[in-house]
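These are the structures in question, set out in turn.
Two complexes, one shared chain (chain A), two partners (chain B, chain C).
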Partner chain A sequence: MIIQQYKIVFAGSMGAGKTEAIKSLSEIPILETEAFNTDVQSHQKTQTTVGIDYGEITLDDGIKIGLYGTPGQSRFDFIWSVICEGAIGVILLLDHNSPNPINELESYLETFKNYNDNIVIGITHIDENKESSLQQYRHWIKENGLSYPLFFIDAREQEQILMMVESLIASLEVKVGLTSQGNDHA
Partner chain B sequence: MDRNYINIATTGLSLKVLDELKTLIRKLISNEYSINWVNISNSHIDLLLINENFFDSDNIQNILQKKKCPYLKITKTPSQNGYQLNERTLHLPLEKVESLLDWLQINLISYLNQKKTVVVSNLSNEPLLIDDKFIRNLHSLEHAKLYLFDDKGTLAIIDNRTQMAWLEPSRQQTQTNQSFDFTFAKTSDFTKVSRKKNYYLQDWLWNLIWHSKNFGNLATEDRYFKIDHWPQPYQKEYRKVSLQLSACFIQGAKITDVANQLNLSIDDVLRFVTACLMANNGKFTSANKCAYTPNSYLENSNTDNHFFRNFIGKIRRRFGL
Partner chain C sequence: MLSIPTQKRTAPTQLLQLAKTEAHNILMNTRGVDFVMICSSDGFELATVSHKNYHNTTKLAAVSSSILAMVTAFLKEIQLTGCNNITLDADNGKAILTAIPATHHPMVMVTLSNKEVLLGQLLYSLKKASQLIAEADGE
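After this line comes the complex of A and B, so read on.
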């Protein structure tokens, strides 16, 4: 497995769109590891990522940023800490269709905030379940005193993934004061 | 300012065709006119769009006799002579809009001028007082479904219980002004909006006000404000600024501190706060409940600051952010 110094991590529930999100940004074909899903109770997807999805982008001075998709199934959670170390941030994707998305949100945040606290949450597949409230997510975030950005997105849309990346960057910029003096808002 | 408006009624059209026509006609008719999509029972109809299959029915013929208004028959059957607009029949899908534009100019706009029915909007000319009570009522769960409008006509119907908004199809990327107002939604109002796509109410409302530079500010610069959640910007153009503002105000921050730190005009920051207030996202707070501090720890470390600024700059350039 290639471990880049600079990384963005894509985490979250099975079938939420982590692989699609990485595909939408990566300049190289995704290195995927797929195998049969043994956790059909959580998701009907017959194949799911059990290794690491890897994509990358290159900055203009040649520095590479690795885009890592973590395994969706919790039996692979030992990998998460390795990938998250030193990451720019974590993009947490959750499937609005899953049976208990709030439990998943809670569980993933509980785990990932220990590795990296620069997290943005994307709720996906919202058009496939119009019966279930979208408000529940932001209510939960507020009730728990959390300040992570939470957006409703289509993981196949590059612009929406970029919005999530940009929110990670904005968080860092504000945190370290890079927004002051000469910030270009063009 | 008095505005002209045009009342258009439709009958027998599918939602898809109706949305298509609403968007098309809004594009073709000058913004000088606001368009109201009204029920066929309305006493003032300026244009009637009828499914061709129903045109010969007694009911429609009676209405046309009484109203004596311009009308267009709408059909999906291809034209036999190749013209997409034959006298009073419009064949969809419309590939070239010029024929419809001409028809509207001759039969609708001229008709309105002849009637000299430059009708004054029902909306008051007095600026509406948008205050805390207005915002509370706008978001009250007791007011489940509300009809939102301004001096250009329908904006949306919102449902406070499900937090959804359904938009007037031609006003999906729109602005508003101080004429923004609402009332209880009537059944007939639902014909004015498209229900094909649901918008999340708080984000849609935030985007609407954020893009409305003429809306006016509900905040003053010496106050502290804290948002409950990051509003989701719809357009890339303003994404960077709005996300940085969110990153500050999610911690609770003084408005002037944020303007100085982000190098933004105070008006832009006040507009952000106004949009959040209108979207029921956050509240004014006290300094001791705010965690945002404008000075960074990196300001004391030039090397780290330079490297980090460079690195973030490269990521932004690479992604076009």
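After this line comes the complex of A and C, so read on.
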């Protein structure tokens, strides 16, 4: 039996909601690799992902998507490229409440675009920091001549995560379409 | 014996000192052991004793915690409970990752040895050390 399955990676900063996003979307109980968080300077949460999270979702057209979560901390960067192997794209989640989210956005994009350039960005925890502008992300993306889709989401809301997954697939279809058009003209 | 506030995330000095002493005993009393490291279950190096220098021990701590978490998740999937240790047998040596299931400060002990080590003796020593540290954390 050959199983047709695709893979999407959830990456981004510690505490941005990667595990929560997979939990909210997955139709199976997710496989978690959480450990007790001793790094309270980086984040106050009690548990943090140190390995690979895994969940699954079946889309309306019957395509099964494997949802893979990464640890956010750079000390686990050895696992990032391994997880991204063969993925159709990366959902990059960033915590709006972190001290410098633009620096984090820049850093994660710089790293993950080398593994997979089909990236959708999700900014989370927007209700916890209303003083900081949401426009800064659009401005930064525009200033840097980038065109990644940008969403402001709650990682606990299934519909919002699903929207990002659909956007990722749509971006991939556009890229594949452009590539095949280019080949046709060649 | 040890007083550990439950709200404190990082392991207290007393507990770390005990863990380091246990690591040192294993290093000195088990022929073939080159390196013993104690790290937090979220991948931070806490104490290291060794006969040989290994580069990048911070990375080793992160990788070890990650492997132990992933194997624990795998065991859970096949209805096996807990993961006490993982023995990796290579051509030129062995690596053993031992879980220290301390209630407030779970840790991982990373032991590297040569090929000739008496595995039974080493595993017994690691199990005893793990139990001792875990018990001290619960007191």
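As a convention for this text, the second predicted complex is superposed on the first by the 164 of 186 C-alpha atoms of A that agree within 3 Å, B and C clash if a C-alpha of one lies under 4 Å from a C-alpha of the other, contacts with A are read in each partner's own complex, and residues count from 1 in each chain.
Throughout what follows, contacts are C-beta pairs under 8 Å (C-beta built on N, C-alpha and C of every residue); 3 or more make two chains touch, one makes a residue touch a chain.
Keep in mind that this is a model prediction, so the values were computed, not measured.
In the superposition on chain A, contact of A:E173 is made with chain B only, not with chain C. By the document's definition of touching, of the two partners only chain B reaches A:L150; chain C does not. Among chain B and chain C, the chain that touches a larger number of residues in chain A is B.
By the touch criterion stated above, A:P71 is placed in contact with chain C alone, chain B being left untouched. When both complexes are overlaid on chain A, the residue A:L162 reaches chain B alone and has no touch with chain C.
Annotation: chain A has no residue touching chain B in one complex and chain C in the other. Those residues of chain C that touch chain A in the complex are listed here as 9-11, 40-44, 58-59, 61-63, 65-67, 69-70, 72-73, 76-77, 105-106.
The residues of chain A lying in touch with chain C in their complex are 31-40, 48, 50-52, 71, 73, 75-76, 78-79. By the touch criterion stated above, chain A contacts chain B in their complex at residues 6, 25, 57-61, 63, 65, 88, 130, 133-135, 138, 141-142, 147, 149-152, 159, 162-163, 165-167, 169-183, 185. Taken in their complex, chain B has these residues touching chain A: 162-163, 198, 200, 202-203, 228-230, 232-233, 236, 239-241, 243-244, 246-248, 250-251, 260-264, 292, 294-299, 305, 308-309, 311-312, 314-321.
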